[in-house]
Amino acid sequence: MSAVIRFESYTWRYSRTKQPALDAIDLEIEEGAIVGVIGPNGSGKTTLAYSINGLIPRQEMGVRKGKVYVMGREVMAYTPAELCQRVGLVFSDPEAQFTAMTVEDEVVFGMENLGLPIEEIERRLAWVVPLTEIGPLMDKPPYEVSGGQKQRVALASVLAMRPPILVLDEPTTMLDPLGRRRVFQVLERLKREYQSTIIVIEHSLEHLIPLADHMVLLYYGKVLLADETEPFFERLAFLMEHDVFPPGVVEFFYHLKQAGEYPADAPLPLTVEDGTARLRELLGGKG
Amino acid sequence: MQKMHKTILGYVPEASPLYEVHPFVRLYFLMVVSIFPMIIGAPEWNLALILVVLVLMKYGRVSLSTLKLYVPISISMGMLILLSYTLLGGIHPEFHVVFRILGFPIYYERIEAAVEVYTRILPMIFVMVLFLSTSRERDVLVAMRWARIPFTVTYMTAMALRAVGMVIEDFSIVRQAEKARGFDPHGKSLGYKLRQFVMYIIPLMALSLRRSEEFTKAIVARGYSFTGLKNVKRPDYVLSKYPFRTRDAVLILIITGFLIGILYLRYGLGMLTLEGSVTQRWLRQWLLGGAA
Amino acid sequence: MMKPEPYVVAENVTFRYPDGTVALRDINLRFAEGDFVALIGQNGSGKTTLSKCLNGLFKPTEGRILVDGLDTRHTSITKMAVRVGYVFQNPDHQLFNSTVWDEIAYGPRNIQLPKAEVEERVREAAEVVGLDESTFEQHPFFLPKGLRQRVAIASILALRPHMIIVDEPTTGQDVKQSLEIMDFLTRLHEERGHIIVIITHDMPIVARYARRTVLMAHSQILADGPTRSVFAQTDVLAEAFVEPPQITQLAQRCADLGFAAGTLSVQEMLEQFRSLAARRRA
């Protein structure tokens, strides 16, 4: 598979800070992959997201070194309009991006900006509205619907622009557990049915892990670890040293493995389902 | 329960026939008909206009209880106008004195003027209430867009409307936060309250600054640039949902026709003035016994 | 052991918003000395409305709430503020002064304490949240979010309320920061005896810190008890659309093997596993 996004010794320092937010990072993201980006606050996760869609350097002041390639071309070589057709960005606070008086206006806003003909707008609405399950909300003001619904509206308004690359910056921090689950359900469908490349910045590992093909650990401006999800979590001791707190199931089996109570060559289960099956095997293979 | 549309001012059933009318016609109605009372001086005709608006409200299934809200305002406004024209109107020996309050003369001419002004203002309020209770923010924008007002302007208007909503919401939370810190306005001096009021501005500014920063990023990320994209004609999906029908054109013509008719009656034929109106005759009869 | 005297008693509380929406329906609830409570439930389940009723910002439409023996309906804002503190979710809503010092002093000045006392309380509150003197003259607006949140908490602490309600203390924080905030609230609880109530969606945090959990759904209380037993009621949690922490889910799915449905931590899970494995070997 080819790299759809490539960072080449890329550095960005905001003019208001002394330390670079991203420090000479090299990173490749494969086409069609779902990539989870984790790391403590202040590690440069949002900077990474903005660097892909061009908000950095266009909307921020700072010093940029190195290169970021999106679909084979340097970010700076695109016009803003070209870039936002390739990279869609969903923010953590959906309310901040609402500008329209109804959900419908909100969703068509981006498409109107692209100059799409009315028929095409209608076709895309017919696709994105059922996908994100916002049909019953179309007539309501976007800021009056619930938190989880807001985030799906935000997602829909970005998806409607049909970007091949989707970047989500902490899309579920403001949501309750149900809202969180439904956002991840939409991402799962996108992965299954449309093979989009999706980059998710997220603290809630429980939902991210079952979905992610790759994981990236950013730690104060550096990429410390980037790998496929399973081998990534095999390095749990290293991750925990760097403020990654794994979900309960992963941590449980990691401790068993350390104590020799779980086969050293077996992969760590990453979901509750996996964990349940492994635990049954360990305790007598019943059930 | 009936499905309701939330408008700027309360709720109207979704089946209201006024929704059939294009938003621009509604906006046009507001702008033109609220001029009528400025042209018409005769109170009875302005009262008739109120009646017309009431009939339209009834027809549009606007709950007339919305109007109850305005009863106290209308009454106190009427009192204020009456007071400022009579008691605070100064001494005019050339006017007719109707009676005296504590020796202060109340003139007939002043009462007459107060009645005229008041009956001009009332229908304007009614027209406004009719518009606000049958239009949503979106309708206002559609009307503006239809009138070919540049997108940037209508977009700014939308954001302003949106910002007002947010500020009002923030304002109520900030007030709660103040109370949670033991701020009790009861029994405090006006100066103290004013000073506290100024304090709200800090968090409200902080919130809007942070929001506008995120906001700019969000619209840039969705391909909007205020200068417009090169070679891209912005389609208007929303507008395409609001077809402008022949009936709408006819309504515009009718409203315009009324405007021209009223202008002609007033300035061409000198009708519809206070002078010689039924109300004036009646007022004179009642207050002066036909003396003037 | 004597049952601790309740500090807050809510009796048959119903709250209706002016537009008629019922946000709380017949709530009965008590908070007593030594309580460290998590208030959980979906958005819109009534958590925030309930906590605003507890500190008197909202008055119950029906029923009553007694705080420290005072009926919130007839108690002044000032008297409530020194009993129940409420930290709003977004620090920007609650910082209205132009220096950190004035911000923390704002509450004590509102309750008209003498100058020396105000100063003492500001210093104390700042120390408790770990704000050093160099920040006192700074404008709260320009501080990073974590510090703004601390200023917000300090400004509540300066009123010395016995009970402190914190609305979503960990939203937008990474896990390490969340643990720091929670450890700090635990210290307030243990060392200074405050009753702590947190409103949160973060179930691992609830499992780790809250001794008692109140679960709300549809404007009512669905469950109230030790966190362990609330998390063990899988059907009730499902009804409220709440998922317990992952390790609890694992234990519940393997309950037939002998794991306890109320397992709260990896450590407890490991211990159970080891005793079960030993029993099987025997």
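Letters A, B and C mark the chains as written, and numbering starts fresh at 1 in each.
Criterion: a residue touches a chain if its C-beta (ideal position, glycine included) is under 8 Å from a C-beta of that chain, and two chains touch if they have at least 3 such contacts.
Just so you know, these numbers come straight off a predicted model, no measurement behind them.
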item	value
Longest centre-to-centre distance from chain A, chain (CA-based)	B
More contacts between chains, B-C or A-C	A-C
Length of the line joining the C-alpha centres of chain A and chain B, rounded to whole Å	47
Computed distance of Cα centres, chain C from chain A, in Å	30
Whole-Å gap separating chain B and chain C, where each centre is the average of the chain's CA atoms	45
Footprint of chain A on chain C - complex, ascending	41-44, 171-177, 201, 203-204, 241-243, 245-250, 253-254, 256-257, 265-266, 269-270, 273-274, 276-277, 280
Chain B partner contacts - residues on chain C that touch it in the complex	52, 55, 57, 76-78, 81-82, 85-86, 88, 90, 92-98, 106-107, 110-111, 141, 155-156, 159
Of chain B, residues touching chain A in the complex	136-138, 141, 155, 158-159, 161-162, 165-166, 211, 214-225, 229, 232-238, 240
Touch list for chain A against partner chain C, complex	39-41, 92, 146-148, 170, 173-181, 203, 206, 243-245, 247-249, 251-252, 255-256, 261, 272, 275-276, 279-280, 282-284, 286-287
Interface residues, chain B side, partner chain C - complex	170, 173-174, 176-184, 186, 199-200, 202-203, 206-207, 210
